[in-house]
Amino acid sequence: MQMNAEEAIRALTGAEGVQEIKALSERRILVACSRDAYRGVVGRLAGLGFNHVVAMTGVDMKEGIDLLLHLGSSLMVTVRVRLDPSRPKISSVSDILPGAEMREREVRDLLGVEFEGHPSPSRFMVSEDWPAGVYPLRKAFTPATAAPETRRSGPG
Amino acid sequence: MSVLRDIIERKAKRERVRRHSLTGEGKVEADPSFRGRVGLKRELCIGCSLCEKDCPSAAIQIVQDEKGKRPVFSLDRCMFCGQCKESCPTKAIYMSSELQLPVFDRKALEVR
Amino acid sequence: MWSAILPILQTIVFPGFLFLIAVSFLYEWLDRKIYAWMQFRAGPVLAGPVGILQPLADFVKLMGKEDITPAYADRRIFGAVPIMMVALIFTFWAVVPVTGSAGLVSFRGDVVFALVSMTFFCMLVFLGGFSSADRFSLLGAERAVLQLLGFEIPLMLSLTGVCIHTGSLSLSGIVSWQAENGWTLLGPQAIGFIIFLVAAQAELERIPFDIPEAEQEIVAGWLTEYSGRKLALIRLAKDMELVFVSGLAVALFLGGPVGPSPAGLEWLVYPAYFLIKLALVVAILAFIRGLFARARIDQMVSFGLRYLVPISLAQVAATILWRLA
Amino acid sequence: MSSSYERIFDIPIGPQHPALKEPAMLKLKVDGEHVVGVDLDVSYNHRGIEKAAEYRTYIQNLYLIERICGICNVAQTLTYCLAVESLHGKEIPARARFLRIVAEEISRINSHLLWLGVAAHEIGFDTFFMHIWLDREITLGLMEALSGNRITSSYNVIGGVRRDVTEDLLSRIRKGLDDLEPRVKRYREIAINDRSILKRTQGVGILSPADAAATSAVGPTLRASGIKSDVRADDPYSSHDQVPFNVITSDGCDAHARIIVRLDEILESIQICRHCISKLPAGPILQRLPRRAPQGEAMSRVEAPRGELFHYICSDGSDKPYRCKVSTPTLANLPALVRMLTSKGRYVVNIADVPVILASIDPCFSCAARVERTGGV
Amino acid sequence: MGIIDWAFRKSPWILHFNTGSCNGCDIEIFATLTPKYDVERLGALLKGSPRHADILVVSGPVTRQASGRILRIYEQMPDPKKVVAVGTCCISGGVFSNGGKGPCYNVYPGLDSLVPVDAYVPGCPPKPEAILDGISKVAKKAGVGCK
C-alpha cells in the first residue's frame, strides 16, 4: 500500500489499454485509459492495493464525457476514461470494488452514464417528479432549462 | 450512574450557566468579533460595485442616490459571510456585531 | 344535610377531583424542574412564579386548540379513550389514602383493585394507539402491551410482599400497620420499594421505559395522532397517573399520610405529610428519568422477567419465611 | 425477542422525524420489531450545489461550498481552497497553514461533541445530551472569537485565512482547551462505564474490518473497525507532517467503539491545537491569488470530522470552475450503513437500534444529498 | 378569554422541520434546547408529531422534494398555528437561490412562497439567542384571536 508515485507509475506502465500516465503532484497520479481497458486497469489497481474508492467524477467535456475514478490510499490514482457523449456506456466495476456502487449510481443520475452490469438497474432521480432524460450536470443543462419552478429573479 | 456523580460534582462546584434574560429582549451581546449585520459607511463608498459582483447570494443591488451609486443590502438574502467587506477597495463596508433581530415582515429586511 | 353534601364535596373538591388535578399539575411541574435541574437548565420560568403554572398553561392551550381526528381513525374509540383515561384514574384515586389511613373508599382487597387499574390503563393506551390507525401509533400501542408483560408481574409481586408482611389486603390496613409498627416496612421491603418504583416508571412510560412513545424511534408512539382537547386530557390523565402511582407508593411503603401530629390537627397535617412524601417519590422518579438511557423493548421485557421477577420472588419468599418464623 | 406475529411492513424514518435532524428518508422493511430491509432516500436535501458552482466565480463558490454543510464547513472550505490553490500551483504562508489546522481541529472537536450529544439523544439519554452540548458551547465560543460566527466560519479563504489571531485570542483558546479537556475525559469515563449506554451501543451496528474496507468506509467509522487510515497522516495537506499526532483506532467494530474513537480523537485534537498554537510561525496569513485560475484539474483530500472529504475542480482558465465535484464522507459511509442495517442474517437488527446505528456513522445528509438519491439493498 | 390567550402565549410547542438545510440552522435550533439557551423557559417543548405542535420552525432552503412534505405537515398541525423561518436560506433561498448567479435548480425562493410565515429570523445561521427571540416574539403574538 505504501507505494510512492514512481513505483506506482512503474507498476502501471505497459498495462493494456493505458494511454497516458502522469504524476500531477507528489501524491496524485492520473492514468488515462480506453473504455475497453477500464475494467482491466481498475482490477489491476485494486490488486496493487488501491481498493479504496475515494470518489467517482463525471465531467461533461463537450467532446465527450470524462469518467474519473479516484482510488486511493496515501497515494491517489485517478483513472480517466473518455466516453461517447451521445450514448455514454461503460462496464460497472462495483463487483471489483463494492464501494463504487453508489458512486456509479450518482454519476448515472447526474450525467446519464450507463453502467453495464450494475447490480441495481433502477434509476434514481432528483425528486420523484424529475423529468426523464434530463441530466443536471451535463453542460446542456443550463439555468434556462432548469426545472420549471416559481422563481423570483433578482434580489427581493 | 456515573452521570449522577458528574452532576453532583459539578453542582458542588457551583457551576452556573449564564443565560440571557428572556424579558429584556433584544439586549443580547455578541462577541465583538461576531459577523453581524452589514453596514455601509456612505462617505467612503465610490460606487465601484465590486461588492455586488462578489456577493455570493445576490444580496447587493447597486442603486443611484443623490451622491451617486451605492449598494443596498437585502438582509433576507445576505448570509453574513463578509465577502463584500473583503472585496470593497475603500473599506466602506463593515460588519456590525449587532445580532439581527427577528422580524415579522420580510419587507422589513429588504433595504438598508 | 351536611352529611349528604360532605361526600360530594370530598369527591369533587378535596381530596377528590379538583385536588387531584391541582396536585397533578404541581407534580408535573416539579418533575420538569428536577429534570431540568439535572441538565443544568432552568425549566419553565415564565408561566406564573417560577413557571409553576406551566402545566396549567399547557393544558388550557391544548383545550383551546383545534381537535383533529384522523380520517382513518375509529372515531368513537379514538374520542372515548382520553375521557376514559381520566375517568379511570379518577375512579381509582378514590382508594388512595390522603387525609387519613383510608381513602375515600376503602375495602378489603383494594390493593388488587389499584393494581388492576394499571392494566386497564395499559389497555386504554393500546386502544388509543390502535384506533388511530397510524403506523407509529400502532407500534406504540403494541409496545405498550409488550411492556406490560415486562413489568406487571414484578409489580404484583412487590405488592404481594407488602401484603404478606402486613397481613392485610387493603391499603388502609397497610397504612395503619405501618402507623402502629413505626417505619419498619421500608427496611425489610426496600427491594420491593425499588421494584415498585422501577415498574412504576415503566407503567408511566417514562425514560428509561418510555418505549411506547420513544420519540427518536416512533415519533410520539401511540400519542402521535392525538391533538387538541384529546391530547390535553391524555396528558392530564398521565399526570394524574403519576400522582396516583406515587400515592400508592406512599401508602404502601412510606406509611401513607399518617405520621406524628398534634391532636386535632390531623386533617391539616396528614395531607401535608402526604404531599411531602409524594414529592419525594416524584423526585426519585424524576431522577430515574434523568439518569438512564432508554432501554430497548426486548431489553425491557427481559430485564423485567429475568431480573425483577426472581428478585421480587425472593423478596416474597423471604417475607413468608419471616412471617412463619 | 422473537416476534409473535409475522407481518412485514414499511416504516419510513423521515423525512421529518425526530431521530433525523435532516430530511432524509430511510424506508425500513420491518418484521415485527426487526429490520429486514432498508431503502435510503436523501433527495430531500438536494439543492443543486455542484451545478450551481459552475455558474459562480471561485470567490462566490467559497461561500456556496461552505454551505454544503454547516458542521464541517471548515473542512469543506479547506478542501476547496486546497484544490484552487493547487490549480494556481501556489503554496500558502506557513502561518496560515497552522491557523487552518487550529480552525479545523476546533471544528472537529465541535463536530464530535455535537455528534456525541445527538447519539445520546438518540438512545433517549437527554441528560447526557444536555451536558455535552453545554460543554460544546466552549468550542463554539472559540470558533466565534476566531472567525466571527459560531457555525459557519468563513475562515479559510483562497490563499490563506481571513483573520489573524492576537496573543489575547491565543490565550483564550488555550484556556478554552484547558477547560474542555477534563470534561471530555469525564465523558469518556461515563461512556465506558455507564451501563445503560453500554446496553444500547455494544454489539449494535457491527461492521467487520473486511466489510469496512470493502465498502470504502471512511473516518471514525473505518477506524472503529480497526483500520488505521487518516488522510491527515496518509496524505498530509496542511503542514500536518510537522505536527505530531496519533491515528486513533479501535477494534470494537460496533457503535460503542465509534463513540470511544471519537472521544479519543477529541483529546488528540486538543493536543494538535495546543501544538499549533505554541509553534505558530510568524508571517503573513494570506497569499493573494488572481481571480482566474489557470487551466487544469486539481484534486484535494481532507480528513473532515466524519472522514475523507474530496474535491475535484476542473478549470478552463476562466473565473468560474468548469466542473466542481464534491465527495463527502457521509456518502462514502452509506454503503457501510446499509450493510450494518441489513446484516444479511448474521445478527438481528432491532428497530430501536436503527437510530443508534444511523447515528453511529454520524450521517448528515446535506452533503450526501448532492446526489439525487441513494438506494440501498 | 384572557386565560386562554395567556395559555397560548406561555406554551408554544415547537415542531422543527428541516427542508434541506446545511445543518447550520438545525444545530442552532437544537442548541436552543440546551442549558445555555433553554427554550423550555418559555414553556416551549420540542415535539415530534405535527399534531402536538403550535409553532413550526423551519430551517434550510425549501427543496422540491421537501415542498410537499412541508405543506402536509403544515396541514396536519392543529389551528392556531405559527410558522417561523429560521436562516437566510429559509427566508429567501439565500446562497442557493439563483438571484442571477446561476442555478440551484432544486430550491424554492423562500418558505413564504409555500406557507404563510409569521416571523423571519435572518442569519446564517442565526445565533440561538436570535432564534429564541424569534420564538418568543411569535409566542407573544399567539392567541385564539389571531390566527
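Read from first to last, the chains carry the letters A, B, C, D and E; within each, the first residue is number 1.
Rule of thumb we're sticking to: contacts are C-beta pairs under 8 Å (C-beta built on N, C-alpha and C of every residue); 3 or more make two chains touch, one makes a residue touch a chain.
Composition by chain, UniProt nomenclature: B = NADH-quinone oxidoreductase subunit I; C = NADH-ubiquinone oxidoreductase chain H; D = NADH-quinone oxidoreductase subunit D; E = NADH-ubiquinone oxidoreductase chain B.
What you see is a predicted model, and the numbers here were worked out from it, not measured in a lab.
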If each step moves to a chain the current one touches, what is the fewest number of steps from subunit A to subunit D? 1
Could you quickly compare D-E and B-E and let me know which has more C-beta contacts? D-E
Compute the distance, rounded to whole Å, between the mean C-alpha positions of subunit A and subunit C. 61
Centre to centre, by mean C-alpha position, how many angstrom separate subunit B and subunit D? 26
Per the centroid of Cα atoms for each chain, what is the distance between subunit C and subunit D, given in Å? 44
Go ahead and note the Å separation of the Cα centroids belonging to subunit B and subunit C. 50
Counting only residues that touch at least two other chains, what does the list for subunit E look like? 34-36, 38, 41-42, 48, 63-65, 89, 94-95, 97-103, 105-106, 110, 124, 127
Name the residues of subunit A that each touch 2 or more other chains. 126-127, 136, 143, 154-155
Could you check subunit B for residues that touch two or more other chains and list them? 1, 3, 7, 17, 19, 22, 30, 34, 56-59, 74, 76-77, 79-81
Using the touch definition from the top, list the residues of subunit E that touch subunit B in their complex. 35-38, 41-42, 84, 88-89, 91-95, 97-101, 110, 112, 117-124, 126-127, 129-134, 136-137, 141
Interface residues, subunit D side, partner subunit C - complex: 1, 9, 11, 17-19, 33, 120-128, 130-131, 134, 194, 196-197, 199-200, 350-355
In their shared complex, at which residues does subunit A touch subunit D? 24-25, 27-28, 51-57, 59-60, 68, 70, 72-76, 78, 97-103, 105-106, 109-110, 120, 122, 124-127, 130, 136-137, 141, 143
Touching subunit C in the complex: which residues of subunit E? 3-4, 6-8, 10-11, 13, 34-35, 38, 40-43, 47-49, 51-52, 54, 76, 78-80, 144
Okay, in this complex, where on subunit C does subunit B touch? 38, 40-42, 45-46, 287, 290-291
